[in-house]
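Next up: the structures, one after another.
Same chain, two partners: chain A is paired with chain B first, then with chain C.
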Partner chain A sequence: MTLLPVRGLAIALPILVAAALLPLGVSGYILGLLTIAYYFAVFAMAWDLLFGFAGEVNFGPTFLIGLGAYGAGILNSRYELPIPWCLAAGTALAVVGGLALAVPALKVRGPYFGLITLVAVLLLQNMIVVFADVTGGEIGLTVPDVITIDTNTNYWLALGFMAVSGVILTVISRSPAGLILQAAGQDPVVAGALGFNVAKHKIAAFAVSAAFSGLAGGLVVFYMGTASVGTLIDTAVGVQVIIAAVLGGRRTIVGGALGAVFLIAAGELLRPLGALSTFVVSAVALVVILFVPTGLLGLASLRRAQ
Partner chain B sequence: MTVAVRPGSQSPASSAAVPAAAEPCLTVRGLTKRYGGLVAVKGVDLDLRPGEILGLIGPNGSGKSTVMKLVMGLEKPSAGSIRLDGTEIAGWPSHRVARAGIGLVFQHARPLMRQTVLENISLALLPDSLLRLAADPAVGERAKAIAERVGLGAVIDRRPGTLPFADLRRLELARAIARDPRVVLVDEPFAGLTGPEVAAFSELIRGFRDEGKAVLLVDHNVKSVAALVDRVFALYLGERIAEGSAEAVMADPTVRRVYLGGSIETAARPEASFKSEPLLSVAGVDVLYGKAQALRGVSIHVHEGEFVSVVGLNGAGKTTLFNAISGLVPHAGTIRFDGRDLAGQKAAAIARAGIVQVPETRELFGDLSVRENLDLGGQHLTRAEADRQRDWLYDLFPILKDRERQTARTLSGGEQQMLTIARALMMRPRLLILDEPTLGLAPVILELLSKALERMRATTPITVLLGEQNVTFALPHADRVYVLEQARIVWEGPPDRFAGEMGSKYL
Partner chain C sequence: MIALQILVDGFAISALYALGAMGFTLIFGVSGVLNLSHGALMVMAAVAAWAASAEYGMGPYAGAALGALCGLAAALVTYFAVVAPIERSRAIPGSEKEIFVLTGTLLWGIMIQQLVAYFFTDNPKTVRPLIEGVIEIAGVRTPKNQLFTAAVCWAVIALLWLFVNRTRAGKVLLAASMNPRGVTLLGHDLGRVHVAVWAIYGGLAGIAGVLLGMFLGVSSYSVGPLTASAFSIVVLGGLGSVTGSLIAAYVVGYLETATAYLISPAYRVIPALLLLVAVMYLRPQGLLGRR
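For the complex of A and B:
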């Protein structure tokens, strides 16, 4: 098995080139939307590593995103550390927090892992509100530094980050270690009997997922200049990440990117509907999940498989 | 229950095939496993030597699978020691046990469906490393060699979903070979395989022995593994009842008592004693699965209160016939129940009319208790009726009363089968269809089930249509017997004539 699917690259490369050329002909407003969509895509791809490969439903992607975002944001706003340091620290915090959650949570079987991750989000959300003097509480956190104010640079940065993340996650998922991870996710008993430490592989996957989620969360903060519970941690945001990944296709990694761009584009196109737009997007997502449970990309790869 | 152990049965010297000098590589002492109040394994002592095939046999619920799981580390023992070449491995997690040198060939494993056969085999060759991102070309070569060895050479690029059952078993075997364990545990090596496949698998398992590996085969009875094993260890209710050569164990009085029921006695009531108008009449029914004809012009009838058995081998069409009656598969021909044509009726309506089918796949609610499973069957009854019905069923299957609060998942196979039948009876069917209730059950359980059916027949006016390949189970209760062979009914008659007219051919 090659680590990068040749066919997939042949399709993805032209799309990426076209996306990179967008700033030449598209308004700054649309570029801003896509910038957010690309970071969102990384959330969704990181989530698919857990759901699609490790076989664990993480209902709290925003716990990891929030740790990365607030970790980076607080260091910058209180101690005025340079942005790269803040991002590194935020990512590390997301990994540590993710491990602190995953190590005990993966010991319990059945649906409890998902419930624990959900509770973790609520805990984080409350902590941020309670320690408002550090975190900005419900008003949100404002960071003094941003990466750049240039729309195009921000856009290219997000696009590049998404592409690199997608490649790394795809390579991991298609590597021998990724194969073991899939086996552990599908049949932990058999995987154990084949000599694989199931917990170790799942925890590693959680750490990788946490690193990408946390780093992307931090980048969003330094793109927008603010962090708030409503935009980064709320369970509704987590649900959006999950919908994006499932919509795009389970076990495909890049499906998450497609789903994220689709969700944000659809939300924007339907904006004239007002409050109804969220409803329509959710309904479309529901229809896809019900009738094409393998997602859009999953459908394509299933066709090939047969 | 106390079980007599034959003096001297502990000594494996009775088996000629075992090299006397070989030290055991796997030594199990005092192995015990309790699930709540249930003791599944009681102080089992077992030795396994390199280059030896040991058959671990026992009826359902005897604890043989539990012993296998304890050795593999899939369950933690309550007490006792398991030593592999002197290292204590009891209680280790399965991945450590696997790396220490024990492999398990699962009976039903789910391979990775999106990966090819070759990739599935390669998986087993990978080290347990997180950092292995690039594939090692040597792994692919070895995986190919293993695929050739187990007879998967021609299908290495196919996906498991497209393979027949026997090839999936080969894939399991391939993964065990890939791990190169010193001790191989094989769960029901021949379940679901045809004659030639059994021969091929026996050869592969002998290959393990010839390489000096120690092999433990876990199966229901001695007969299926007798040709292959050097020694047999018989387990019943969690304890050893016999150990020695296959012949010695088969001749053992305790084993015979556990395994063999009495001779077939039939107690048929003449057909004329029932009402002339049949309750169920099936006339000229054809069923097609794609191009394959699963039933060809089948006609049977069942009178009210009658017990009718349809015997036939696997694949003869029994389940298809029952599914046609229950409205689960489309069919040509007519099926009438209680004077009404069932054509075009939905399965739910047919069930409400009083035809209740107990499928061979038991379909219990595993997380619900015995009592809750029964109550689900009695949903449509009033409370008083449900209580009465349940009391009657507890009377019929006393073991279910003892297990009332246990979850269905924790029951043994035989108990689950009884619960499935009892749940169907809670619905107070007019016609009870039992599809292979003996599937996978050991004779001692069959006898219990058989007695329950006998009492059911004697004490209630219930009408039963039983599908079986086990003739010794199907005949004693039957008033009338049909033989189904390759989609057709080839014989009909009272059970006492079966042995004379069909027996030699069928048995």
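For the complex of A and C:
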């Protein structure tokens, strides 16, 4: 098994090049939407590494995202550290959070672990409201610095970040360690009996997933200039990440990116429906789960096989 | 004085939590399904009761009955439209069915929530209580509706207990939770058992939803917290253990009420969440769990 699928690269490269050329002919509004979609794509891909490969039911992707975002944001707003330092600290905080989640994940499985991740999000949400003088509480946190105000630069940064993250996560998932992770996710007992260190690989998976989630969360804060519970931590945001990854196709990494762009585009196209747009998106995702459990990417590879 | 207040107030809210979690643990015990659309079903029942009695002038009793029925019908739709197709699907490998049921019911819950918000707005709605007025218990002024809520919850829980332990049909359910294959060998259709459990679950969720609507009021924002609280109570008590859920409901109910009175209502849910995390680290199977 090659670390990077040649055929996949052959399809992805032209798409990335086309995406990089978009600022030449598309309005700033659409670029802004896509910038968010690309960061969202990293959330979904990082989540897929844990859920699709390690088999961990993580209902709290926003716990890791939120730690990265608020960690970076608070350092910048209170101590005015330069952005790279803030991002590094936020990412480190998210990794610590990921390791804290990995401890119970080694002990409990399935719904029990799912509940822990859910509780982690609710706790974080409550803490942000309780320590409102530091975090901005329900109103949100405003950071003094942003990376740049240039729409095109922001867009290219997000696109590049998504592409690099996608490549790294794909390589990890297809590497020997990734295969062990997948085996451990499907049957930890057999994987352990074969002599693989299941615990080590799972902890590493949590750390990697947390690092990408946290870094992406921090970047979003310095793109938008604000962080708030509603946009980064609320369980509804976590559900969107999950829908994106499942829609695109689990266990594919790249599927998450596809799903995220699809989701943001669908939300925009369905805007005329108003409150019903979320209903339609959820219904589409449910239909995909029921009839095409492998997701959009799985559908494409099914076609090719026939 | 404040201790009495906590005792009286906590009792009713805990009874309501217990009833809400009862059906949730029942379907997990019998069919192994964790229904993440639970909160949405409760909110839908409450909103149906509110709409029937306040908007269409059907009177509080007819409204409450309609709300409970609505919960039952919605639970059956959940089973036939979401859960059963996933369980029967050949494209989904057996080891991943659990994850798909969780994700599927989660999406289904969002769909119900959005529909409720679309047709009846997100504004909080309070169902008109069946019994109005205030009564003094040991010097604590208590709305009669609060006593009524606790009484109905306990009556329904008692009925459920009698049904499961004292009737033939109930014993089949109990047997199905212990050993599904054994039940089929005795000539019972497991599919019908599952439908029956979902119907009972729907009734319980519907009643709990309507009572919640009378007691605290609901809005489409309550969906997530309601599912989370049923989920945590059930896990705290031990998945599938009915007695465990009852105890856990009272622990969580009193912990929340005491925090709200003694510290601040803003911190209401935090100690219960911390307790849950502690239990998951130290005793993952819950208080009375079987695994």
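Note that in this section the second predicted complex is superposed on the first by the 295 of 306 C-alpha atoms of A that agree within 3 Å, B and C clash if a C-alpha of one lies under 4 Å from a C-alpha of the other, contacts with A are read in each partner's own complex, and residues count from 1 in each chain.
Methods note: a contact is a pair of C-beta atoms (placed from the backbone, for glycine too) under 8 Å apart; a residue touches a chain by one contact, two chains touch by 3 or more.
Quick caveat, the model's predicted, so the values are computed rather than measured.
Overlap between chain B and chain C is detected when the two structures are superposed via chain A. Contacts of A:Leu194 after superposition: chain B is touched, whereas chain C is not reached. Once the two complexes are laid over each other on the shared chain, residue contacts for A:Lys202 go to neither chain B nor chain C. After overlaying the two complexes on the shared chain, residue contacts for A:Arg251 are found with chain B alone; chain C is out of touch.
In the superposed model, A:Ser175 makes contact with chain B only, not with chain C.
Looking at the shared chain after the overlay, A:Val239 reaches chain C, while chain B stays out of its contact range. Shared-chain residue A:Gly114: touches chain C; no touch with chain B.
Counted by residues of chain A touched, the larger count belongs to C, out of chain B and chain C.
In the superposition on chain A, A:Gln186 makes contact with both chain B and chain C.
Of the two partner chains placed by superposition, only chain C is touched by A:Ala275; chain B is not. Comparing 130-138, 148-156 or 166-174 from chain C against chain B in the aligned model shows that the clashing stretch is 166-174. In the superposition on chain A, the residues of chain A contacting both chain B and chain C are 186-187. Contact residues of chain C toward chain A in the complex are 34, 82, 85-86, 89, 91-92, 95-96, 98-100, 102-104, 106-108, 110-111, 114-115, 117-118, 224, 228, 231-232, 235, 239, 266-267, 269-270, 273-274, 276-277, 280-281, 284. Across the complex, chain B meets chain A through its residues 72-74, 93-95, 97-99, 103-104, 106, 109-110, 112, 114-115, 119, 122-124, 126, 128-136, 139, 159, 161, 175, 179. Residues 1, 3, 171-172, 175-177, 179-180, 182-183, 186-187, 189-198, 200-201, 204, 251, 301, 305 of chain A touch chain B in their complex.
For chain A in complex with chain C, the touching residues are 51, 55, 57, 103-104, 107-108, 110-112, 114-116, 118-120, 122-123, 126, 129-130, 186-187, 235-236, 239, 242-243, 246, 275-276, 278-279, 282-283, 285-286, 289-290, 292-294.
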